[in-house]
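Labels A, B, C and D are assigned to the chains in the order they are written; within every chain, residues are numbered from 1.
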Amino acid sequence: MKQIQKLKELDMQISSKWQEIFSHPQAINFANSLMGKDKRVYALYLTQVYHYASHTARNQALVAVNLTNQNTAYMKFCLEHTLEETGHELMALHDLRSIGVPIADPEKEMPQALVATELLIAYLYWISSHGNPVQRLGYSYWAETSYHFISSFVEMLTSNLNLKRQQMTFYYSHSNIDEKHARDVEEIVCKVCKTDEDWRQVSKVAITTLDLTNQILLSVLSEYQKLVEGTHSDFEILNKIK
Amino acid sequence: MKQIQKLKELDMQISSKWQEIFSHPQAINFANSLMGKDKRVYALYLTQVYHYASHTARNQALVAVNLTNQNTAYMKFCLEHTLEETGHELMALHDLRSIGVPIADPEKEMPQALVATELLIAYLYWISSHGNPVQRLGYSYWAETSYHFISSFVEMLTSNLNLKRQQMTFYYSHSNIDEKHARDVEEIVCKVCKTDEDWRQVSKVAITTLDLTNQILLSVLSEYQKLVEGTHSDFEILNKIK
Amino acid sequence: MKQIQKLKELDMQISSKWQEIFSHPQAINFANSLMGKDKRVYALYLTQVYHYASHTARNQALVAVNLTNQNTAYMKFCLEHTLEETGHELMALHDLRSIGVPIADPEKEMPQALVATELLIAYLYWISSHGNPVQRLGYSYWAETSYHFISSFVEMLTSNLNLKRQQMTFYYSHSNIDEKHARDVEEIVCKVCKTDEDWRQVSKVAITTLDLTNQILLSVLSEYQKLVEGTHSDFEILNKIK
Amino acid sequence: MKQIQKLKELDMQISSKWQEIFSHPQAINFANSLMGKDKRVYALYLTQVYHYASHTARNQALVAVNLTNQNTAYMKFCLEHTLEETGHELMALHDLRSIGVPIADPEKEMPQALVATELLIAYLYWISSHGNPVQRLGYSYWAETSYHFISSFVEMLTSNLNLKRQQMTFYYSHSNIDEKHARDVEEIVCKVCKTDEDWRQVSKVAITTLDLTNQILLSVLSEYQKLVEGTHSDFEILNKIK
């Protein structure tokens, strides 16, 4: 009973954070930029997905490696989810190529992670290897249930940019496994959180990583602005999209 | 073709190491001590299994976390095997209890890891997080195929000590998954080893960890000797076995 | 010649970041809150200094531990600076006590790190153990030269809050070693940065960590607001200041 | 009083371990091989010093990075000793070159670490980052006082091999700082060890690492045998010594 109550509180915190994010004027600017039917902003985002996806799988596994985590069920949850997400950065690479970004060797040609992306990566490694091992569930929790919040936005994007399904494999592969994962993560959160402090830590990480992810989107938009204005940018390879 | 040749060489190196181990006079002493039908030597060994089993799963996962490992198939192999072995120290704990060792809280009552056990643990963490990520396969390789070498020894042990199947869950659970694992590990070794140096590293780790495991057995025997002689020992809780 | 030019560019980037920070309306609010002569805002800041100071020394040493750092002079710089800063969280603790915060056992009674503080800590560990080892100099560089920018602000603070020197040991101990350190860090940056990419990394970390530090200040102010308004806060122990 | 008693016990354990090491027939073989005035055995040893020296400084610093170490005096001890030993692998490299081993680029031409050397390195990283942080003092303790035990052996070596002082910079630099270090380490052991378990851990690590170091010597001798017999060896570059 108490767990269901706590879960509802967590859902409400996440939901109101999403509303805050979508209410921001940048989101509207973003939508407007899409009107221009410019695939570069989507490509820019995919370069960052490429970076964080390769790390989130790894730091998810770190939670199982961490000796302060002695909960076998939770260790297995971490390993199973890492297994499902290992190598997913290759989907982002595939999508980049399929919209026409000429990246042959990603190690040399993939634009670097933006500072905002590095911050999300750094924070996830930190909370996966230090402090209460429970807390990383805050990230998994909102990430697995995010499709609910972003699907209409993504549909608008797809239609504006005239994207085909095979140009969005990262998105679709994750939205498909969404429902099973969402139940898994609910179950493990309820099993692993035993104290109010545990729930507080999960909530803290959920809100913080949702904020950091929003910062990535905002950074993507401001890098896009550089491409539009033609000022120097590390992402000029994206101008090759036809 | 070359891979099969290399695999055969590795098999021969491991096989001759096993022969060296079994030819040692200590092995005979071990068998003799068993004649005495003394379960304490088996219990002593299980306390060490408890320690290394909880770490080998974790450092196996570290190979997937390691950023120098960029091979998706190999990362998945590591995660799958960690998944199967997570929590197996609880089997060793179960076996200890079922032969009559009164350990209620393992964190407080489980005798410590012997130096030899610490060395195996330390070495596995080191090779899992530094150097050629391929090398850790050397440990998986011999470990998954070890039942072939030790089964007749274990049968003798079982019969001498009059052990029941439910007192040997750690052993039987691992021997059961043996055949599938043995094929998996052969396959991944052949996929991942691309150069002679890769094979050399796998072989080095196989022989070194087999040696270290043998050192654990020898240390168990010499600790057992202390119990027999009644000199001070960290394992006196094992004297409570009826 | 080129190094001096690069150093000047770095100085200008940091200097304009400071101006941006000071031009923010929050800084004025901060000053206004000081008018109220309320030591709680200073205390709040010290609790966060306590947290990050204990970590910055440690992650500074990690740069020397990091095997990708093969520059002996740079390794020694890191170790010397860690040595000088080890245990400095105790100065923050001393200052908290001397303004009347009744913290007997910091492990139990010290309020937790704010999310903004955790982000700075997480980012410093990340850049100290991954990527170009040179980059962490970006943090040392602005930190050692910051007294130049903040001294007039601190003087105003001191006078508003009527702080005595022994209530500001953390600040004074760091401003005293400032000049020597500032020269040290200039020297090592010029020695260690060999490529434009090296300088770019140093600059990226300088600006990012200066931003993160500013976020700590802003978070301190918004936590202070909670204390003023009497809403629930993790920092209520600070209300005990007389 | 108790600390002095404990220190004496530790000294006796170490001293009897040294006697055990020197009583081994291999030590005599070693001396005999020296009669042949063959610098290759000394060179072989130096290649291993090159490897472990670069790691022991780093893992010493890890003890200060380790968050379970909250003792400021002990953290400073670790950092000071790391500082003094940073880059000492370059002395081993210098000595190798000065006896005629043609290593231009050590990263490519330095023979690899032997398994025994890897084991010492792996164990030191493990005990520096896990378990009781006090334990690593066991290694520092015997290492700083070892010159007392090995000096007559080294004198015999020097005279047999006709070594000049500038071919032994690693040895002499360490024996010079010996006395001060020996006092430092005694002092910090007494300050940091508070319980019998602490002393037991220090003693365990002292004996284990002395054993591992002896294993390095024995491995060096058996690799030397390969050079003498002309069978394949990774150390053939040492045959170029005139």
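Throughout what follows, a residue touches a chain if its C-beta (ideal position, glycine included) is under 8 Å from a C-beta of that chain, and two chains touch if they have at least 3 such contacts.
Quick caveat: nothing in here was measured; it's all calculated off a predicted structure.
Enquirer: What whole-Å value do you get for the distance between chain A and chain D if each is reduced to the mean of its CA atoms?
Expert: Roughly 48 Å, centre to centre.
Enquirer: Suppose each chain is reduced to the average of its Cα coordinates; what separation in Å results between chain C and chain D?
Expert: 39
Enquirer: Roughly how far is chain B from chain D, going centre to centre by Cα mean, in whole Å?
Expert: 30
Enquirer: For chain A, what residues touch not just one other chain but two or more?
Expert: Correct list: 67.
Enquirer: Quick one: do these chains touch in a line, a ring, a star, all-to-all (complete), or other?
Expert: Looks like a ring, each chain touching just two neighbours.
Enquirer: Touching pairs of chains, all of them, please.
Expert: So, checking each combination of chains, I get A-B, A-C, B-D, C-D as the touching pairs.
Enquirer: Which residues of chain B touch chain A in the complex?
Expert: Residue positions touching the partner: 58-59, 61-62, 64-65, 67, 72, 75-76, 79-80, 82-83, 86-87, 90.
Enquirer: Going by the contact rule set out above, which residues of chain A touch chain C in the complex?
Expert: 115, 118-119, 121-123, 125-127, 204, 208
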